[in-house]
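The following pair of complexes shares a single chain, chain A, combined with chain B in the former and chain C in the latter.
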Partner chain A sequence: MANLERKSKMSNWQFGMVITSGLLTARLLPTTSYVVSYAEQFAWFSSALAGLIFYLAAYLMIRLGEQFPRETIGEYIPRLFGNKFGSAVFLIFITVLLINIINCVTSLTKLTTIFLFDQTPYVVLVLMLLLAVVYCVMQEWGTILRVIQILVFALPLLYIFYSLIWLNFEPLNLLPLWPDNFIGILRGIVFHTAYYAGYESLLVLLPLARSGEVSFARTVGWGFLIITLIYVIGAVALVGGISAQTVASVPQPVVYAMKSIELPGTFIERLENYMIMFFVPVTYISMVISYFALVEGCRKYLKYNDHRTFIPVFLPLIFFVSIFIDTPQRYDAFRYFGMYVVLFFSFVVIPILLFLVWRKKGRKKNAKRNR
Partner chain B sequence: MLSGIDRVKVMHVIWRIAVILFGIFTCLLTTGCWDAKEIQDRNFVLVAAIDDADIVEKSESEKQKAQTETFVQKHGTKEYMLSLQILKIAKSDGKGGTQAKNTFVISDTGKPMFEMVRDMLGQSSKSIFFEHLEAIVISEAAVKKSGLRPILDFFRRDPEMRSRTKIFITPGEAKAIAEFSPPTGEPGGLYLNGLVRNHKKNIHVGGAKTDVGFITQGMDNNTDYAIPRLNYIDKVPKLGGMALFKNDILMGYTDEYITRGLKFIYGTEKSAVITIKCPKHLEQEIVYELFKHDTKLTPHIEGDNIYFTLDITMQGNIGEINCAAEHDIHDVQFLHSIEEAIAQEVSKNAQDCWVFQQDLGVDIPNAKGRFKAYHPFEWKKIKDRWDEIYPTIPLIVSVNVSVRGTGEHD
Partner chain C sequence: MRRSTHSGFCKLSAKLQKQVQQIKNIGSAINEVIKGLHKVRSSDRQTFGFTKSIECNEQIVRSLLSRCDDIKYRNFQVGKAKALLVYLSGLTDTNKLEKTVIECLTSRLKSNESIDDINKIMNFLIITANVTVTTETKEAIANILKGNALLLIDGISDPLSIDIAKYEKRQVSKSENEDVARGPHDAFNETLVDNIALVRRRSRDPGLKIEIFEIGERTQTSVALLYVDDIIKPGLVDEIRNQLLSIRIDKVILSANIEEFLSNEVWNPFPQALTTERPDKVVAGLYEGRISIIVDTSPTALIVPVSFQDFMQSVDDYTQRPVVASLTRLTRYFAAFIAVFLPAIYVSIVSYHPGMLPSGLAFSIAELRGKTPFPSLLEAFLMEGLLEIFQEAIVRLPQKLAAAAGVVGALVIGTTVVEAALVNALLVVVIALTGLSSFSMPSYSFGMALRFFRVAALIAAAVFGLYGVGISFIVMVVFLCSLHTYGESYLGELFDITLFKDWKDGLVRFPAKFLTSRPKRLGTEDETRIGGED
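On to the complex of A and B.
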């Protein structure tokens, strides 16, 4: 039997798979209403544009990471720009990952509390989910990678169930086809932070990947393309199935659309329960990746030997924030806070860092030439 | 040294046993869901019937009963009476065979449905469970009180509810329908649900896009919608015609003829029958059985004029000929004359239905939505005047009928 604990590296295709499989989570379920309330029937177009834009952010992160192939963001930023600036950037980075974990915990727990375990206290479900995540994160990367490779099969199964929404498809709900609401479409893109969750972890995971013939940008790009296609086709099916106004009016539109499906002549019913069950492993992957990136990043930043040391450090914080935001107002406030922090990190901090790194490297090259 | 190794080994063994025991006990204690509820511990609601609490006719004993079936209310008024038909899970005594009643009805009066449902727990030993709700029957009087939205809100909001639950409007008392036990012995809720499911074969019943999910979409999109009308007289339920709603307000009913026209416009029937006068014997009738039907309702603009076209294609068989004299049904001319007569009948029916709706001010086929979808820029110019324009929009109907079979016997 293969010793998975020894395996601390992954191929570039595995790297692409890991980053991609963490993008789709239960976070998108409550956010869909927001996207459609702005983009209306052009939610599919908003998702397509968002895919391009968020891939651009991931691409910039890959380019940044490739400048320092054996280091994580917590190592090279303080060295290049000093401890204060480096600490600030690293703090934003871990905040981004924490936000993804907390959002995943709350969205998945809310979903299961409403539709599956309505008698079970919310706190108990949060605790159980976190314990399951922690147990996986405590393993070595080789084991975590294998867990992800197994659980990722839930993604196509989830999509097969989701595709049943096509049974209620009405073309009229998607008309007119030409967009006349560009501002709404652009505002919808902003909310896609919940659709493309946790790709920031690549700033820590990149040194764990072996570069091969195919570049990281290409493997991650293929992943983004697949996920974006899933979202675009999914948005067409959802809006075509229950209309844009209804999607915008219900807090869990995907579940609502699934509840509207009847398969006459079959014994299968309550299809939304199957879909929710498949969301559990899919979201679990993202939480595990983000948590591992969080503790591994801290290990490298503080130069510790074992990533496990940092697991209990963040656990109480994640638990208490997840419990604290269990009201609609707090949940919304946290969602907006998280959205702006992620956008700030991906589209302000990373481009600035990359620019500074390139400039610094350019200067060094010039200095060498001058000598 | 040896004793030291043994001690380590013993500790290892103890530790392993402890872990195995912990695993076994955890499995034993957490088998199944701790909050699981067995089927027999739930009261399955099959029909929810909503009446106007003031209008339901009551005898003296019923009035006393009604005083029991309610609660002291601090806010609001006793506007509605909610009656729930509940399935008896326990086996009936068997004396009546299939005639034995397998459901019972409990009622409550109040305003919020949820409050009434929870107060009904005072009459129910088990929790009331709505996941298998088959039908919601609402009386005309209850709808006229303050519209459909406040009545349906609970059924749209609660996660236990299903989108495909059927809704009916009855001109009479809804509770009486909940108390009805079908002659087939099946529970009343399943019977009502089955009535609507036959809509594809019954051209007098509009059953497509009339359930909770579609009515919710209609409300969300601010479009008009129709709900099947259920009459109940002398313990005989009869589905036929539709109740038309505009902005949540009941505007009127369609009879079977207008309902048929509506279905021609929608194209939702799959095996309906159309009766026409025999082209050779005008006092006799020929029945055409439809098996394929496509429609396309399209808005057009010509200068300042707006009009809709309705293209209908139908394929079917000759189902019945009432004429005493025999016909040569292989005569192509005769078959063409039948096709023409059917096309005229369908065209007139669709036109009459269109005008009926315009007169009533309702737009069930969603002409507004189609115009907006096909001509978004023109829509922006006229959207504020749509209610004035809509009654003047003509419908041009084109029907293509083909007879594909003449039955089993000439």
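On to the complex of A and C.
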């Protein structure tokens, strides 16, 4: 059976693509108005800074993962820092992934319920999406990787549709050009968690990638650069199209902007429907990556043979939480909770872990030298 | 006096009957002993072994081929010895048998000359090309049933199997199902030897290897495995050879019998082997690093391993200009999408999202739909059902009647059903377009598989609208990526960023001088196609 085995490793470019394709989801749509309410017409600047900062978080995670090649976070953290501390870190890690999945499900299905249907129950849409995600996660990584590589083509198509906002662009909406509200821009960065979260899965996916000539930091960096450019150009188009005041005051500003586009003489109408359709595969990718990272992480942590064992463990939890946060108040509360957990994990837990790992390695080196 | 004579006669006849019975018992006992002796002489795998006695050998052959009236026995003299030819009428060339065997043997040996050297007969007396000594009865019988003649000579225990088979067969003719505008027109027939010759005629490469196996416990059908030794992915030949040899089935009469055993996902509707009746397609496949399997009595060859994109390619792609071929190929992908999702998109837009249509069109559809009593899903199912029935009828009917059935179908679907207000006219257009798209697939079995997903997508669209269409598309992608043929993902390789080189002859077709390497996804030993330039 030489050379006939199923391929389950990914190249470093594939790794970069997987990590960054998981960033853009429907989750960002309701958050846009929060970002613009703080950063106003300088939302694009806030997005650019956020891209840099969140890449820094991803970079630290890559550095941490590279200290332990072939191991996931659930394997090396308990070994280094003991079971209690290790379990706590791992618990935060799976919470981050669960929050990401739930945010994706709820944002996409809410969008679908509001703009595509008026009668189909929200619960049914959640269930259908979750079952489709589970079907993909049931496959081995090689298959999931191939699915992602196909569905990622929805991303440029989505952006082409989104770019039609430029038709309503008015430069006056972007004035003044010089930012005077730096605090607002910085506060806007915090809300970009919904734009950039999802890279945490690399702590599990890193051992599945083959290291090549190009470093992981560079491939993921290229991905972040592309996504940041998409966000920056998107923010300029959105604010230029419907003004910062409008963006800040409507709940779904992107959909609102799409609704206002008219293409006379063409067959295409209700462009927001097309956009939502393209958001389905784009969000699906992020959910699949996070769900796989979640169950694969648990498999490694608890030393099981098959990641599928853990799929039904989390499915009811995701489903019931998604239904529970159906009301706007609960949804907002959950979004804030999720945002702070993700920020805590990325900018507090990971740097501390990396520092401790480096210190431990430094001590070992010193001990060897002394001998 | 008379009475005493009569009683004496009775006693005598009773005695005689007793003795006859005893003789019969002794006879049967002797037969048992003979059988036992044959068993002792024969090898482990067979019941009988040949002896030096021609009568005994004849008895063996006759008993093994009893009640086979098409088996002919021809006795003649070879010098002093008796000889017997056993052959199958209809599968043996009797004229050739007469000239090259009987005439040679009877004329070249004098009537008082004796012969006991089998090699002399084989090398000097018989003038046919292929003569072999057959020591095992099983093999001898199998050779007779293949059309060979079996020559038994008294005093020689090893019979000769003479390859003199000749049978009625269809001549090599034009391809019926894969016709091309430009390019060769000859196609496989039902004879393995002819089919192999058609392939060999296109390649004088000593690296092209052909292994022939007998598969089918009873039919013993010849199955040829073709590959190019120094190109094929290491291990692939062994894998497929083992698969073929492990097939335990009584009969192999179609190449599809073999195809099902090669498939690792038996419930998957998509074909996992490419079938073709074109030898040029087989040769092209072999030089891409694939394996071809040709089954005797079947005019279609199998090509493995294959993936989604291979079913989107046609021989015509390589006879047209690359730009035109690329556009045609892209059109096929679009047609495949339409064949699966167009009815689903129609149902979802009409039922859930009429706002996506221009208002004029939305009003005219609403007007049309107002005349029909059924919901759009039921209408779509009705039309789908009618399409399937007509398709089946046209495929099964003779060609002349099929044309008539097509006209009736078009009239019934196109006019009557709409006039009867069972379905609306737009749906007829949608279903007709869907049908045409599935017919445009180069592989018939692939087009059939697409129908399977069409129904699933239709149901998802009826329940969840465009959201359902999106989810069903994703599920279909996951399903197709999860299928594996010999390590290759069925759909996944199409957009694999590590296989950029394969895109030159995947979604599109680059000019021949740019196709310098074989498909990377097939993992060939020799990736370079010599003669190109990078």
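Following the convention adopted for this analysis, the second predicted complex is superposed on the first by the 366 of 371 C-alpha atoms of A that agree within 3 Å, B and C clash if a C-alpha of one lies under 4 Å from a C-alpha of the other, contacts with A are read in each partner's own complex, and residues count from 1 in each chain.
Here is the rule we go by: a residue touches a chain if its C-beta (ideal position, glycine included) is under 8 Å from a C-beta of that chain, and two chains touch if they have at least 3 such contacts.
Source: prediction; values computed, not measured.
Undergrad: Looking at the overlay, does A:120 come into contact with chain B only (first), chain C only (second), both, or neither?
TA: After superposing on A, A:120 lies in contact with both chain B and chain C.
Undergrad: Should A:249 be classified as contacting the first partner (chain B), the second (chain C), both, or neither?
TA: A:249: touches chain B, not chain C.
Undergrad: Report for A:329: first if it touches chain B alone, second if chain C alone, otherwise both or neither.
TA: A:329 sits against neither chain B nor chain C.
Undergrad: More residues of chain A are touched by which chain, chain B or chain C?
TA: The partner making contact with more of chain A's residues is C.
Undergrad: Does chain B (first) or chain C (second) touch A:370, or do both, or does neither?
TA: Neither: A:370 stays clear of chain B and chain C.
Undergrad: With the two complexes superposed on chain A, say which partner A:262 touches: chain B (first), chain C (second), both, or neither.
TA: Once the two structures are laid over each other on A, A:262 reaches chain B alone.
Undergrad: Based on the superposed arrangement, let me know which partner A:176 touches: chain B (first), chain C (second), both, or neither?
TA: Only chain B; A:176 stays clear of chain C.
Undergrad: Look at A:147 in the shared chain and tell me whether it touches chain B only, chain C only, both, or neither; answer first, second, both or neither.
TA: second
Undergrad: Of the residues on chain A, which ones does chain B touch that chain C also touches?
TA: In the superposed arrangement, which is not itself an observed complex, chain A uses residues 117, 120, 270 for both chain B and chain C.
Undergrad: Taking the touch rule as given, give the residues of chain A at its contact with chain C in the complex, in rising order.
TA: Of all residues in chain A, those touching chain C are 1-7, 11, 13-14, 17, 112, 116-117, 120, 124-125, 128-129, 132, 135-136, 139, 142-143, 145-147, 149-151, 153, 267, 269-270, 273-274, 277, 280-281, 284.
Undergrad: Over in the complex, which chain C residues touch chain A? Could you list them?
TA: Where chain C meets chain A, its residues are 233-236, 239, 352-353, 355-358, 464-471, 473-475, 477-478, 481-482, 484, 486-487, 489, 491-498, 523.
Undergrad: Which of the residues in chain A come into contact with chain B in the complex?
TA: Chain A reaches chain B through residues 114-115, 117-120, 172, 175-176, 178, 180, 242-243, 245-246, 248-249, 256, 259-260, 262, 270.
Undergrad: What does chain B use to touch chain A in their complex?
TA: 33-35, 37, 131, 159, 162-164, 213, 216-217, 220-222, 366, 369-370, 372-374, 376-377
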